[in-house]
């Protein structure tokens, strides 16, 4: 296979995975920036969205209706989560909220299990094929899957819209103020309940989009599918600069690129066209970077998380921690 | 306009306000003076809703304040410029000003209000696109006051505007406060610098460890021997 | 003022002695009665108790919230299981073990006492403690939610390593053929030891340092309390006992795979810890018994009604309610003072 085309394909892969991570990480970052809460149930929002979509499609609903239903349902769950589980513990120490988010996740996971059983559907559930998202695009000798391209484009569009919202609208401005200094924002007349609800709603909406795209790529759903994505989203947000939306976006794409690198480079010795590098170099690559290394990818990603936490806890964009008013 | 009766506030088990009463009439500039920890800032925070009183009544134009959340109190016309300024450092000067008006309904006039603030503090116009955290101490205080004015308040709560500023800047700030008073504003001023506060105020309350120990026209208190000795250093 | 007379010491030891005697009697009866189900339940209870106590030592005492402890359990389980596999089975079952491991087999007995099991458990636990020391040195300087997520990362890393180290662990395939050494006496013997160790640490000066820096790390440092070493000590000791629990578990269910040692188990243990009260030894006992009992009852309801997942939801709701209404758990940091039960007028039994 031509090396150049391989690189281009991986580049598109990286951007599309990066888009998904960025969409998820932004939701986490928005909530964290205002509430100092790491919402691990965010991953389960992704899962819930995928199940909403799956059940709608299995019920033969048209695609547009499915998407609307999925978005509405996920946002509703997100808002409920905030109102019932997180609002009562506002002001509690960090770890309580983190633990609560795990409990919320458990409720969502087990709830989905129950519903799946009730509707007499199997587990794992095969995600119905969506015509518009399956198949590939071909440009000359390059093939990229449609869902990758859609993820990429959709991700960029949504993130641009979000940035505009956050910088140009009053509500967006209020959110940035609340993230900066919550009591001062209250003194501006900002209703922080509304702002927090908005953060959850937007985060849930973006998670829903990511969930749908994930489901298409994964092909099948289980109630536990949200766990790894939320960890990755968290890592992305930390790498980029935790607590800021810009950081989440940068981190998402950085993580996407990193993952693709970690998957593509092991085994590179095998796919290099002969003659491109000296035979001894190629042999060295084959020995030290065997393709089997790629299965360690998740472990590497976490090692990088720990390194970032230790040495550059403010991430790539390096924002400072804010101070509290008494 | 504003009336506090026997207000008590506690931080956990620590009683910060042990039953204070004060009033502010329309158009007045009333000042709270006293040492650190006397409860002056706590009083302002209770009025603006950041703290809940344990007991007592707070009335603003006859309406009770003590169950209201801070953002509702702002819409009633009370604006609190907090101690330490608490600007949104990572937002620009003009964004900070806009935030002061973010809950207002009459969006069309917000821009002209910003112009008004720029006339009051010309330096802010120069720095309008700069991040608030990059401003000097005096400029930050000006921005804080400007931001508090953007909500077109009927009652302005100013908490330690002179804090951390060089004397010449403090003079400038107090000149501005004087001007606001001339324009008819109602102001409740908390100040450690008792001299400046008593010069500018109509009436004053002296606070000590959560109680009001003295009150009266500022003129009188300025020449009160106790006040002179404790707070004016003569 | 109380004098530590011999009489007083005798009386204060009465409480724990009676408790242990009571335990021995109960276990003896259980064993004699031969009800496999109840025995299994009590073994399960004991293993969870060790896990919760260890986690309490690390999370509850020092406030450093580790989410990765089950990783230590996994390492303890696999480590000890590999060691106790008899020689011949090892060759057949794990043909690609490195030479130095292939020859080691801790399946020997001293009379009828499975000494090899004890030694294998200890070796595995000590090795895991060393791993914990390394991990702790790296991570103990972080705080709050960052250490929580970093340790969660450790859990994932361990899982990935176990999945990939085919030669040692059989990767994603089930690891079975483990000799079922674990019984009531082993589990509860270790459990009592764990209770004692954690209790002693809490009463010691190290324990006091741990609690001091739990509330406010900076305040503690400013009065000269070393923050890093109590944290590290708690982390390493708790990893030791967690690994022991792993070994007991492995030789109880006799077949497992890396998926067992992941987030669901972590959440169960955390629930028991939070319900009982982080920082209280008696709380851990109470919390474990309550949650294991409740989970068992709920499982009985699930089977006939086919409502799988209901028990998970109810436990999670319970968890959230406790965090909202009684954040410190049922006992907080207080203890049920066994040593006062036999003294007249010695104060209330719950201090």
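Labels A, B and C are assigned to the chains in the order they are written; within every chain, residues are numbered from 1.
Methods note: a contact is a pair of C-beta atoms (placed from the backbone, for glycine too) under 8 Å apart; a residue touches a chain by one contact, two chains touch by 3 or more.
On a predicted model such as this, the values are computed, not experimentally measured, just so you know.
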{"item": "Arrangement of touching chains [line / ring / star / complete / other]", "value": "line"}
{"item": "Interface with the most contact pairs, given as the two chains involved", "value": "A-C"}
{"item": "Length of the line joining the C-alpha centres of subunit B and subunit C, rounded to whole Å", "value": "55"}
{"item": "Separation of subunit A from subunit C, taking each centre as the mean of its C-alpha atoms, in whole Å", "value": "33"}
{"item": "Distance between chain centroids, defined by C-alpha means - subunit A, subunit B (Å)", "value": "44"}
{"item": "Residues of subunit B engaged with two or more neighbouring chains", "value": "none"}
{"item": "Touching residues (chain side subunit A, partner subunit B) in the complex", "value": "170, 173-174, 176-177, 180-181, 183-192, 319, 325"}
{"item": "Contact footprint of subunit A on subunit C as seen in their complex", "value": "63, 65, 138-139, 141-142, 144-146, 148-150, 152-154, 156-157, 160-161, 163-164, 263, 267, 270-271, 274, 306-313, 315-317, 319-320, 323-324, 327"}
{"item": "Subunit A residues touching subunit C - in the complex, by the definition given at the top", "value": "38, 85, 88-89, 92-96, 98-100, 102-104, 106-107, 109-111, 113-114, 117, 227, 231, 234, 238, 292, 295-296, 298-299, 302-303, 305-306, 309-310, 313"}
{"item": "Subunit B residues within the subunit A interface of the complex", "value": "48-50, 69-71, 74-75, 79-80, 82, 84, 86-91, 95, 98-100, 102-104, 147, 151"}
